[in-house]
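What follows is a pair of complexes built around chain A, which joins chain B in one and chain C in the other.
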Partner chain A sequence: MNAEAFRATGRVAGKRLPRMDGIGKVIGKHVYAADFTLPGMLYGRVLRSNKPHARIVKIDTSRAKAMPGVRTVITAADIPAVRYGQAVRDAPVFALDRVLFYGHAIAAVAATTLEIAEQALAAIDVELEDLPAVYDPEEALTNAILVHPDWQDFKVLPILVRDGNMTARTRMITGDADAAFANAYRVYEHRFKTALQHPGYTEPRASVADWDANGNVTVWTNTQLPFDTQTTLSEILDLPVSRVRVIVPGIGGGFGGKLRIGVEHYAALLARNTARPVRVLSTSEEELIAATPRQSAVVHLKTAVDRDGKLLGRQGRIIVDCGAFAGSGPAMASVSLQVLAGPYRNGTLALEGIAVYTNKVPAGSFRAPAGPMANFAVESQMDIIAEDLGIDPLELRLRNIVHEGDKGPSGEELKSVSVEECLRKAAAAIGWHDRKPAPGRGKGIACSWWMTTGGSSGVYVKIDPDGTATLVSGAVEIGTAALTGASQVLAEALSLDLDDIKVAGVDTQTSPYDYGAQGSRTAFSVGNACLAAAADLRQQLFELAAKQWNITTDGMELRDKQVIAGNKTIAIAELARLSRLSGGGLIAHGTANSPGPAFDPGRVENHMLPAWNTPSFHAQAADLSVDSETGAVSINRYVVAQDVGFAINPTYIEGQIEGGVSQGIGQALSEEIVYQNGRVMNANLTDYKMPTAMDVPEIECILVQSASAAGPFGAKGVGEPPCIHPPAALANAIAAATGARMHSLPMTAEKIVKELRSARE
Partner chain B sequence: MSRRLLELTINGETHQLLAEPHWTLLHVLRNQIGMMGTKENCLEAECGVCTVLLDGRAVNSCLLLAGQAEGHQITTIEGLGTPENLDPLQQAFIECGAVQCGYCIPGMILTAKSFLDENPGHVPSRQEIREAVAGTLCRCTGYGKIVDAISVSAERRLAKQHKEPAA
Partner chain C sequence: MSFDLHRPNTMAEAIGLAARLGPAARYIAGGTDLVVQINRGRATPQHVIDISHLADLRHDIVQTADGFSLGALTRYRNIERHPAFQDALKLLPEAASVVGGVQVRNIASIGGNIINASPAADFVPALLALDAELDIQGAAGRRSESLRDFILGPGKTGLQAGEILAAVRFKPLPAHSATAFLKEGRRKAMEISVVCVAASLTLDASGKTCLAARIAVGAVAPKAYRAAAAEAALAGLPADTASFRLAGQLAAEQAAPISDVRASAEHRHHLVSVLVQRALETCRQRIAGA
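And then the complex of A and B:
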C-alpha cells in the first residue's frame, strides 16, 4: 500500500464537509430497508414464545394455514436442522424441542396482509410445558439446569474452553499477581453489575426476500454485515454462498445491533415456500424481547496498590451473560479483559472472562461491546481507591497510566499513547480544580482505551469520463458518515473534490468484500483501501499521460484534477476518455488489512482478540447535580477528550462522540431490559427509557490527534469509544456530589435515593 | 371489512382511495399510497419518526386514523422542500451535521417546523427547542447538532423577517 505516498494537505480530508447522503435523508428520498417493497409482496410475522423455558408439547398450524390470505406457516419441522452462530453454532432458526427464552421464535407466517399474518399467529396452537429455568449468570455457572443439555454436540471454535452453561472462559495473566497482592499496602475488592441494553436504532430490523427462477435468493435488508449475513443465510438455506445475494438499501442505525442475522432468514424461508417476495419487519416488542442487546455483566475486581497509590496488581473476573445463545459473548468475555486492564501500568494481572448461558434474550455486540461494563468497574474502583488513599482521582490515574512504548496487557508494544493528554484536557475543560463546587454537585472523570477492529476491506474505484470517481465498497453506510470520510480520503488522494465522488450501494454480488461496518473500522479501513486504489489509479493515469506525451512517468504529479509533467498538463477527465478508447476504462481495486501487533502468547489463555489493532485513548468528565430528595441526576456539563488520530471530518466525529455519549448516558442512568421471572416487563419504548433531547446535556468535544501509523493520514477508530465511559464518569460524579457509590447499572433515581437514605441511616 | 372512499389532501394534492376504517394515516401513506418519507417504528406514539403535519401541527401519524385526517391539510417530508429548493430547516440540518442515519430526521424536521411556526418572531432557547423535540427519539446524534440546526434556522428566519417586514 502506498499510504505514505500521500500527505494530508487538508484540502478535502480534515474538512468539515457535509455528508454525501444528507439531501436524500432530509427530503425523505433515502430508501431504508423498512421502506423497501416489491410488487406482490407478502407480509411475514414470527410467533414468539411467551414462556422463558418450556418443553414444546405440540405445535398445530392447521387452523392458521386454512385461513384465507395465509400463504404459508413454517416451524422447525419444515426446514433443515441447521445451527448457526459465530464462535458457537448453537442457534436454530426456530425453537426445536424446547423454547429457551421469552421471545424465542417458534413459527413464522406469510400472508397477503400484515393483519392476516397477525391473526394467523394467534391461530397457531402451541402447547408449552414449563421447565425450571436459570436467569442469573452467576447461578448459571453452578446450576444443575442446563440451557443446552446438548452443549457438547455443538460445533465451536477450537479456542473455546466450555463446560455446561459456561460457553467460554479466557484469561489474561501477567507476572505473579498473588505475590503482588501479598505484599500490597492495601487491597480493594468490589462487585459491579450492569444491565441489558437495547441498541435502540430507530429503524426496526427489516428484510424483503425474493427467489428467482434459477433458485437464487436476493435479500434486501438493513444489516451492518452483508457478507456475514450472506454466509449465514447460505448455511441456513443450504445453498452455495454465491446463490445468496444481500443488498442493503439503507439502514436506520445499527450500533452493533444489526450485525448478525436478524429477520433475513425468516423472510428467505417464507419466500421460498410461497414463491412470492416476503417482507418481515420487527415490531418494537420483538426488538426488546428478541433482538441482540448489550450483554449484562457481573464484575468482581480486586486491586492491590502501594502507599502512593501505584498499582501492583489486578485480579478479577467478569461474567458476561449471553442469554440463550452464545452470540458474541465468548468474544466479549475476551475483549472485556483488555478494558479491565485499562490504559494502566497494572504491575501484575490475573483476569478471567466468562461467558455463560441463561434463559434470557440472546445478546450481541452493541457499540464497544464489553467496554462500558468493564470500564464501569475499573474506573469506579479507581475513584474508590483514590478516595480511600486521599489522593485526587485524576492524580491517581496520572500516576498509573501507560505511556509511549509501554507494554499493553498482552505484551504488545503501545504506540501513539495519548491517555495523559486526554485526561489532562478533559479535566481542565470540566474545571477539575473545583471538583465539588456545591452540596449535591460534583464532577467525575473516567478514561479508557479501545481498539480499531481489523479485518480486510476491498474497494473498486472507477474514474468516469467527466473526471469524477465512483467508489464501490462492500461497507455499509450505517449513519456514521464513515463513507463520506473514506470518500474524503479518496478525493484527497486523487486531487478531486468531495462532490466528484459517488458512492455505490452495497450488493454482495457486485461489491468487493468488506469485513463490515463494525468495530470503529469503516472510515479507517475503507479509507486505507481507497488510498491503495488511488495509488494504483495514479500510476495508470501517469502511464497514460506518458504514452500520450511520449515521455517517462518520472517526476509526474497529480494535482488539481490533472496530471502534470513540467509545463505539460492533461486533465484526469481527458485521460479517462483516452482509456476508454483503448484500455477499457480506468478502474482500480484497492485493498487494506490491519494485522494486530505482535504479542506475548504466554500472557493470554483462550483469548479471541489477544492484541488490539491501533488502539485509541480517551477520557470523559461530567459535572452533575443530584436532587437529594428524589435522587434525580441532572448533568450540567459533559466533556469528552478523545484521540482520533486524524480527524477526517470533525463534524461527524463530533456526531459520533455526542451520539455515543448519549447512549452511554442511557446505559448509565435509565436503560435496562427488565426481567421478572424470565419475562420482559418493559417491551415498549415508553417503559424502556432511552434518553430524549431533555435528558442529554450539551456535549463538549475535544479532538486529540495523535497520529497512528496504520490509519489513513494517521486516523484511528472513532465510533465506539464514546459510549464506554459515561457509566463510570457519571458514577464518579454522583459519588463526588453525594458521597453515594453506585455499584449497579442503570443508576436510576430510585436506586440513588435508596443509596442516599442508607448512607444517612 | 367494509372499505369507504377516503379523500386526503397531502402536500396540496388530493388523493382518493378506498380505506378500511381502522387504517392509520401512516399505513395509508406508506403502504397504500407508497410515500415512504414518513417513517415507521413503534406504531404506539412513542418514538416520533412517523410525525406529519396536520394543518401545520405535528401529529404522530401511526396513531391518527386516516379518516380523521380528511378535510385537513396533511404535510409530509416530501412536501417540504426539493433538492434544488430545500426548506431552511432541511438546509440547516445538513449544514449543522445533524443528520446521521437519518431515520428520525423527517419526523424531527416536521416537529421542528411546527414548533418554529407556532413561535414566530423570536429565537427559542436551546432548552425550549429540546422540550419541543423531546417526543422524537434520535439514537444517533445525541441531539446537540439537531438543536444547533433548529436554532440556526430560527435565527435565519428572524433575520429574514427583519429584512422583509410584513406589509
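And then the complex of A and C:
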C-alpha cells in the first residue's frame, strides 16, 4: 500500500471544517510563548547599540551587577566567540569589538523584575567610538568601508561567491541574451526599489529557558523552526543537540520572522548563569530595530521585446540588502532570480542576484522572501512595455506566459501550469474590459509563480482504543491552520472525522523531525507524511483483522472507521484495543520528502535553490481610486486567483490569501522601517504603519485547482504566494488610474503626489 | 514604571489630592495618551489620579440654552452617534470618527485630547473651529477660558496646578452654516494626522456669498491654529472655488510644518491648501443641501 492509493472523497479533505485550535484561541485559553512562565522565573533584557557603527571602547557592567535584584549581566567577554548563521556564519551572540548596526546586542541582564532589568541596562556603561558606516547597498558594493573586515575568516557554504561587502553572487543564464538584445525591436530598462518590512506578527519573540540538574537546557519559545533553533543553540552553548530541548507552546504569527534564533540564546545563557528560569520577551522597539525584517532590494531590469511584445530576453540585477549579517540574503539573491524570470517564456536570460552587507538591521526571510521585490519590478515593467507598445497588459502577459511542459528558467520541466487560467479568472472577476472606469480610477493585474519548499517531514500517528488518532509532528502551527489541513488529510485517509484527530505540541525531545513551518510547506509536507503513516496503519489494521478473522488481507477496505472484508466488519477502535493486548498499540511513523526536479546546471551559477519544487501559479487584480490632489489610494476591490492544487480546507486557504494580500498591501502602500543616518526613525507601532481593516478591502478569492503530482490529494503550497503580487498589482492600478508610474515602495500618498506633479511639469 | 493609583470620589477630592501630591501626580481619564507616554518613558508620574468615573465630568453631551456643553470625559464614540451633531455640526462626528480605532474611541476622552495638547490632536481643531470655551475647575473654583488661548504649544496648556478640565462649551451656528472636518494620514484608521482641517462656513441667505468662516488647521505647527488671514479674506467673497482656493493658499502660508517620518513639510503645506479648499467646498455643498 502506498500513499498514492488514497483518494480524497471530499468527506473530510476539501471541506470547510472549523480549525482545531480555533476555539482556544478565540476564548483566550491557548497558551502562546509570551504567556508561558515558570516559578522563580527571572526577566531578561538585552542592551542594544544606539549607534550604527562604532568601536566598543569600554563596557563596564559593575554598576549594573551591583544593583539589588540583578542576578547576572553578560557580554561577549563571558561566552565563547561562536559565530552562527545559515549560508554564512557571521553572527556572534553579542557585538565583539564593534557594533555593526543600531540595535546590535551588546549585553544582556537577568533580574527579579522587568523594571530592575531595564534599570540595569541603563546602568551598563558603554563607551562607543563612531566609525564611518555604509547604509546604501549599491554603495556598499564599491565602498571601502567593510562591514566585516574579517569576512574571509567566516565559515560559509562552498557554493557562495563573496567579496568584501558582497556576501553572495548568483546568476541565471539562458541562451545568448546580448544577441537577443541587439536584435530587439525595443529594449526597456528600469530601476525599482523596495523597503524593509517587518513581518508584523502580533506576538513578539519570546523565550523562557531553564536548565535541569543534569546540565540539559529546555527552551520554550515561539520559533517556526524548533529543530533549527535546537541546532543553533547547541552551537552557541557548545552542547550536543540532545541536551538542548526546544518546546513550542504556541506562536502568535511568524511569517518568516521567527525562523532563526531570536531571543532563545539570550534566555538560555542568562538562565545558565543564574541557575533560574529566565524569560526574554522582545519589545516593539526591539522588534523594529533588531528583528529580521524583509530585505530591501534594488532591482535593475532590462527587457527586450519584438514588435508584438514577445519577450526576447531579460537582463537584470537584483541587489538584496542583508544588513549587518548575511542571514537568508544569499538564498534570497538566488530565489529572486526565478521571480524575476517570472512565469514567462523569456527567450534568453542573463540575471544576477547579489547579497550585500550594510550597517543596518540584519534582515531575513519574510513570507515569500524575495518574491514581492522581484515581482514588483518584473510585473511593473510588463505594464510599462504594454503601455508603450499599445498592447493590453493582460494580452501582453498571455502572449508570453509559460504553458504545460515548458522549461522553467533552470531548464526544469514545468508541470500543472495554470498561470493562464489564473490570469483569465482574475481579469474576468475584476472586470478587466473596463480597466479605466473613471478619472482617478484604474485596475491593475500581476501574475507570478512560487515554489512549495521541500525538506523532509516525519510524523508519528497513534491510534487509541476509542478509535481516535493523535498526530505527533515536529511542525508547529503558526496560525495558518496548516495542521488542521494535515489532520484533514490524515482523517480522510483513516476514514475518521476531523474531530477524531488530536495534534500533539512540538517538543524536539519527542517529536519526529520536521524541516519546519516555512516555505508554504507545512500542510503539503506534513500532509504527505500523514498519508504515509496512514498507509502503514491501514496495513497494520488489515493484518490485525486478518488475524482475527483468520483470512488474508486481500480485498480489505478501510471505510466508515472500520475494516471491511466482504460482509465482515470490525471497528478501528476494536482493532486498536486488540493491538494493545499483544502488539503494544497502533502506531506508525510516516515520512515525506520532496526532492527538487531535474534541471540544467549549465543555466545557473552559484544558485542555492536552482529548481523549484511543485511550483504554483497565481494572478491578482486590483481596482482602486487615487485622489489626485492628496495622493490617497483607496482600494475598491481586490481579486486573487491562485492555483492551490487541491484545496484541503478552502476556508483557511482563503484566510491565507486574505492575510498575505493584507501584508502585501502594507508593503505596497504604507510599511517601511525608515533609516536616517543609520538610525531607525520609526521604531514603534505609531509610526510603523501596517494596514488596518479600514485600508484593506474584502479580498475576493478564486481557488484554482490544478492538481500537483507531489502534494497530498494534489495540493500545492499556498501560504506565501498571496503577498507576492500586491505591490505590482497596485502599482499597475495606480498607473492606470493616474498615469503615474511608481518605482519605489512603499507607494505613499506623498510619493504619488510628487510623481503626479513631475508628470505635469 | 511603578506609581500609586488614586481613585477619588469627587472632583473636590481629586483636586485636593493633586494639590497635595504636586507635580509628581497626573490625572488619568482614558489613559490613551498618558499610558503610552508612561510606557515610552516620556512621563514618569509617581501618582496617577483616576478621574474617569467622576460624575461631574461624565455628563456627556448636554444641549443648553446657548449651545452645547460636553463633559470632559465625553467619549468620541458618543459624539460620532449623537443625533444633534448630524447636520450643521457634522465636523464633530467627522473628527471623532477618525480618532484611532473603535476601541480607542470607546475609552478616550475629549478632555484628554485637549490637555495632552499634541500638535496633531484631531479633536482640537474641530473645537477651535467652533470657538469652544473651556470650563476649568480648580481649588479656587470654576473659571472659563477660550480653547484658542488655552493651548500654548506641544504638551503645554494654561491648566494650572491641580486644575481639572470639566467641560467644553460652544454656541450653535448661525443660519446658513455648515461644518466639515478632513484628515490625511498614511492609513485610514489608527492614524496620527499628517494634516487635519476643520472648517465652519456661514453664507448669506442666497447661499452665494461668504459671511464668515472659521478654519482650524492641525499637525502643521507647534499648535493647531486658526487660519486668520484666510478667514478674514473670505468674508464677503463669493462662495466659489476661486475663493476657497485662495483661502487654502492663505491657510497654508500660515503653516509652519516640520519634516518627519510621517511626511515632509512640503507635502504638509500642499495638503493644507487642498484640505482647506475641500472642507470649505464641502461646507458650501452642505449648506446648499440643507
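Everything below uses one rule, namely that the second predicted complex is superposed on the first by the 760 of 761 C-alpha atoms of A that agree within 3 Å, B and C clash if a C-alpha of one lies under 4 Å from a C-alpha of the other, contacts with A are read in each partner's own complex, and residues count from 1 in each chain.
Going forward, contacts are C-beta pairs under 8 Å (C-beta built on N, C-alpha and C of every residue); 3 or more make two chains touch, one makes a residue touch a chain.
Only a predicted model underlies this, so the values are computations on that prediction, with no experimental measurement involved.
*Asks:* Under the stated touch criterion, which partner chain does A:N682 make contact with: chain B (first), chain C (second), both, or neither?
*Replies:* A:N682 sits against chain C, while chain B stays out of touch.
*Asks:* Does chain B (first) or chain C (second) touch A:E629, or do both, or does neither?
*Replies:* In the superposed model, A:E629 contacts chain C only, not chain B.
*Asks:* Going by the contact rule set out at the top, does A:E574 touch chain B (first), chain C (second), both, or neither?
*Replies:* The answer is neither, since A:E574 touches no partner chain.
*Asks:* Considering only touches as defined above, state whether A:D536 meets chain B (first), chain C (second), both or neither.
*Replies:* Touch partners of A:D536: none, neither chain B nor chain C.
*Asks:* Return the chain, chain B or chain C, that is in touch with more residues of chain A.
*Replies:* B
*Asks:* Just chain B (first), just chain C (second), both, or neither: which does A:E421 touch?
*Replies:* Once the two structures are laid over each other on A, A:E421 reaches no partner at all.
*Asks:* Is A:V26 in contact with chain B, with chain C, with both, or with neither (first, second, both, neither)?
*Replies:* In the superposed model, A:V26 contacts chain B only, not chain C.
*Asks:* Is A:V753 in contact with chain B, with chain C, with both, or with neither (first, second, both, neither)?
*Replies:* After superposition on chain A, A:V753 lies in contact with chain C alone.
*Asks:* Does the superposition put A:E387 against chain B (first), chain C (second), both, or neither?
*Replies:* In the superposition, A:E387 contacts neither chain B nor chain C.
*Asks:* Touch check for A:S662: first (chain B), second (chain C), both, or neither?
*Replies:* first
*Asks:* Intersection of chain A residues contacting chain B with those contacting chain C?
*Replies:* 684, 686, 692-694.
*Asks:* Touching residues of chain C toward chain A in the complex: what are they?
*Replies:* Residue positions touching the partner: 1-2, 36, 40, 101, 184, 186-192, 260-264, 267, 270-271, 274-275, 278.
*Asks:* Quick one: in the complex, what on chain A touches chain C?
*Replies:* Residues of chain A touching chain C: 115, 118, 629-630, 632, 634, 669-670, 674, 681-682, 684, 686-687, 689, 691-695, 748-750, 753.
*Asks:* Using the touch definition from the top, list the residues of chain A that touch chain B in their complex.
*Replies:* So the residues of chain A touching chain B come out as 16, 18-19, 21-32, 34-35, 37, 199-204, 250-255, 283-284, 478-481, 651-652, 654-655, 657-663, 684-686, 690, 692-694, 696, 698-699.
*Asks:* Which stretch or stretches of chain B touch chain A in the complex?
*Replies:* Residues 30, 34, 36-44, 46-47, 49, 76-78, 80-83, 86, 90, 93-95, 97, 99-106, 109, 126, 129-131, 133-147.
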